[in-house]
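Consider the two complexes below, in which chain A is the common component and chain B and chain C are the respective partners.
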Partner chain A sequence: MNARKITFFSVLLCSAFLIACSGPQVRYGDAKGVETVNANYGSTDLQMIAESMTRSLLQSKPISASKDAPRVTLAEVKNKTSEYIDTTVITDKIRTQLLKSGQVRFAVSISEMQNQVDELKRQNQTGLYKSGTISKTGNMQGAQYRIEGSIASIVKTNKDVKDVYYVFNLNLIDNESGLIEWADEKEIRKTATR
Partner chain B sequence: MRLIQNGLLLSAGVALVLLVGCSSAPTTKSQMGDGPQNGAPVSKAKLINAETLNAESKSIAVTDIYYKKEGKNPSFVEETKNKSESTSASTLTPQVIAVDADKANASALTGGPNSSAFPVKFTNLADPASTSPSTTPTPDTGTPKAADSSVSNASSSANTQTIKKSGYETKMEYGELRYLASPIRGVLINSGYKVVQAKPSVPTQNQGDEYFDVVQRIKAGDFGDANYVLYGVLEEISFTDNVDEIPGTKSSSQQVALDVVVDFNLVDTQTSQIVASFIASGGGHDIRIDGRDANYKPSMAKLMKEASLSLAEDVAKHLQDQNFVVANPANDKRTEGRNFKRRLDDDASSLKVYGK
Partner chain C sequence: MMKKYFLTILSVVILSACSSTPSIKEMTDRYGDTDSIQITDMRSIVRNGVLTAQVTIKNDSKSNLVSYRFKWVGKNGMSVFDEESWKPVTIGKGQSTNIIGIAPTPDATDFRFELNQYQ
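Presenting the complex of A and B:
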């Protein structure tokens, strides 16, 4: 009797092991949920920065007081931290939220120029397109403002604690006058303990 | 007796009515004080139909764009002076140097790009100071053979002195550019002016700056019965071809531009008064991505068309600024009606009704 029980439980245990080892478990989580895996730059930081900067930008005088939606372009956001941070993700997220507000129009940024130039060249210089339907060269609209900034960090660690301080800086610059019309920053402090 | 009383009462009543009627008449008249005084008849507003309007519109002649071009021809001068005790005679013999036309065109003579490749220093033969023997300038070391042998090469005898010199002759060329003024005429036609065809101006031999004397041409009847003459003198025409990198891409942009600047004056033919004066500019542009790499050749016809159209727009803008036309007809044809006042000799005290 005991032998039969032992055999049964052994089979059950093996089955459980087999099921567990068959592959990773996948589940969807909340994209906006707070991520605290470690103290490195993460999705929550990205969302906090983008939300804070967008709100502040929309309240800025050049945008809120403008009769027509001002034309803005994205310039470089420098990564001054020791981590690898794709800063275009931050600016793209800010741009998306600003565009959704309808208060700003965006001209293609310098990193998107190659595609723009290639398209104009294709339409204007290949001779394949009907003249009335062509987007003509020389009619691109220049941006009145550009957005540029930087992200920097201070990291301190000891045996048990890792403290990371991020500061994200963003400026809105008038392209014609060169004046900085708006600037804001977002500070984030993260502490990881063992 | 009763009948007499009734008659008196009736006549008194009629008289009272008459008196009241007479006394109220001036009051009524004074209330209509807007009308003409002293019994003058009310004048009826003059109705002008489209035909009359066209007939009464002022006319304007637009000349082709005058230009003056300075040309320099390389030449060779041999001057022989014969001196005797009583008389002195000199002979000036300019001769054209055998210079390759391409080299000359690209040389310092014309300020061409290859001036260093053809380093000829020429003196202006029209300048008497440079041709006199005493002030003959010494040429640069790069002067070609013909000039080397000639400069101050004075073979003097007792009575004869021969001087050979190289140099250039400055020649002025006058003329009219026929393709720039037509869009300007179109703009004025749209404004409602009658545009009169001007007689072409043909430069004479040894023409001077009197070529630009428009008053003389008005007196000569070159512009028919035009009320105004708009004439322009070409100040500068430039053709540029630049290539720039496009930041953020591997491509470059070739920008070809033809720009013209013209000095305009609008003259009243009756009084010779200048009623508008301005400098207008126009430009034709052709932009080609990676054009230099593909050895792109721009279309001069397209550039010229664009330049003349934009020149006409600028002219219209200036005429509007100086109240010759009320609005910019190049942009809005519906403004024709607003230019009527200028087109007619409007008398401010009269009322005119424009109708079709």
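Presenting the complex of A and C:
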């Protein structure tokens, strides 16, 4: 009887030990799938915002009626929410999708300008490059339009429910005239219950 | 008399074979339990050079967790862009809603609608 007990406890101990030793189970998921881990800003929100804004912008008059693909630059998207949201990821995603559509050309944004200047300086001022292969200064093209916007949220909670409402606004502004040529918004509501 | 009858039937068969507009069912792919969602209408138009689709869905059952996406295809039936992300749609019992999809590129000439259950 004692021997059976010892065997039983040994097996139990071994099982517990094995379970404790086995690491977390890892599997790949669908990057495009709906993510509902919690009510905070997530990948589905990012994808929905970028997709909605890009498609709406592609259909706008300044883009669709233009003979040549218009030159656009990315300006700031302000985060007015209480959460940390990297808004450059949203604008980068919008830029990638717009560029892939072939309907828009992008001029370097303010944040990328320093790298552009450094590269031109390196090619033109160091004397290291063959003259015929140098990208000359003074040939950069200015953007006709800039894209800027904001993301804001309203969060309400009680002990059982957390309700989050996001609104993302995007504007296309004519740099010369200062007119807002296109604007759209994307609303998202998420509710988490215990 | 018999010849005339036969010719009429033949022309009807030829005409129906020529009109290759796919049905709503053929244009929809369903994954998981989405049976409570009915697709009542599907139409498209080219607006400002870009294909725009409108799909009307209706929920017959209790509130369901369903997501959707469009698949945009070109003339040869090839996909013209990356796969879209699944977008959740909240639709109450008996409620009907229009889902608008805009093609990501002017190369898209046709679309497919995909419905998926999530969670």
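As a working rule, the second predicted complex is superposed on the first by the 178 of 194 C-alpha atoms of A that agree within 3 Å, B and C clash if a C-alpha of one lies under 4 Å from a C-alpha of the other, contacts with A are read in each partner's own complex, and residues count from 1 in each chain.
What we mean here is this: contacts are C-beta pairs under 8 Å (C-beta built on N, C-alpha and C of every residue); 3 or more make two chains touch, one makes a residue touch a chain.
Quick caveat, the model's predicted, so the values are computed rather than measured.
Participant: After lining up the shared chain so the two structures overlap, which partner does A:Thr36 touch, if you call chain B first and chain C second: first, second, both or neither?
Facilitator: A:Thr36: touches chain C, not chain B.
Participant: Using the superposition on chain A described above, determine whether A:Met48 touches chain B (first), chain C (second), both, or neither.
Facilitator: The answer is second: A:Met48 touches chain C but not chain B.
Participant: If you tally the residues of chain A touched by each partner, is the higher count for chain B or for chain C?
Facilitator: After superposition, C is the partner touching more of chain A.
Participant: Contact-wise, after the overlay, does A:Gln125 reach chain B, chain C, both or neither (first, second, both, neither)?
Facilitator: first
Participant: In the superposed arrangement, which partner chain does A:Ser101 touch: chain B (first), chain C (second), both, or neither?
Facilitator: The answer is second: A:Ser101 touches chain C but not chain B.
Participant: Applying the touch criterion given at the start, work out whether A:Ile110 contacts chain B, chain C, both or neither, answering first, second, both or neither.
Facilitator: Only chain B; A:Ile110 stays clear of chain C.
Participant: Which partner does A:Ser64 reach: the first (chain B), the second (chain C), both, or neither?
Facilitator: second
Participant: Look at A:Gly138 in the shared chain and tell me whether it touches chain B only, chain C only, both, or neither; answer first, second, both or neither.
Facilitator: First partner only.
Participant: Report, in rising order, the residues of chain A that make contact with chain B in one complex and with chain C in the other.
Facilitator: Common interface on chain A, chain B vs chain C: nothing in common.
Participant: Give every residue of chain C touching chain A within the complex, in rising order.
Facilitator: Going through chain C, the ones touching chain A are 47-50, 52, 67, 69, 81-88, 101-106, 118-119.
Participant: Over in the complex, which chain A residues touch chain C? Could you list them?
Facilitator: 30, 32-34, 36, 44, 47-48, 51, 54-56, 58-61, 64-65, 97, 100-103
Participant: Show me the residue ranges of chain B that touch chain A in the complex, using the header's touch definition.
Facilitator: By the definition above, chain B touches chain A via 246-251, 285, 287-290.
Participant: Which bits of chain A are touching chain B when the two form their complex?
Facilitator: For this pair, the touching residues of chain A are 110-114, 117-118, 120-121, 124-125, 137-138.
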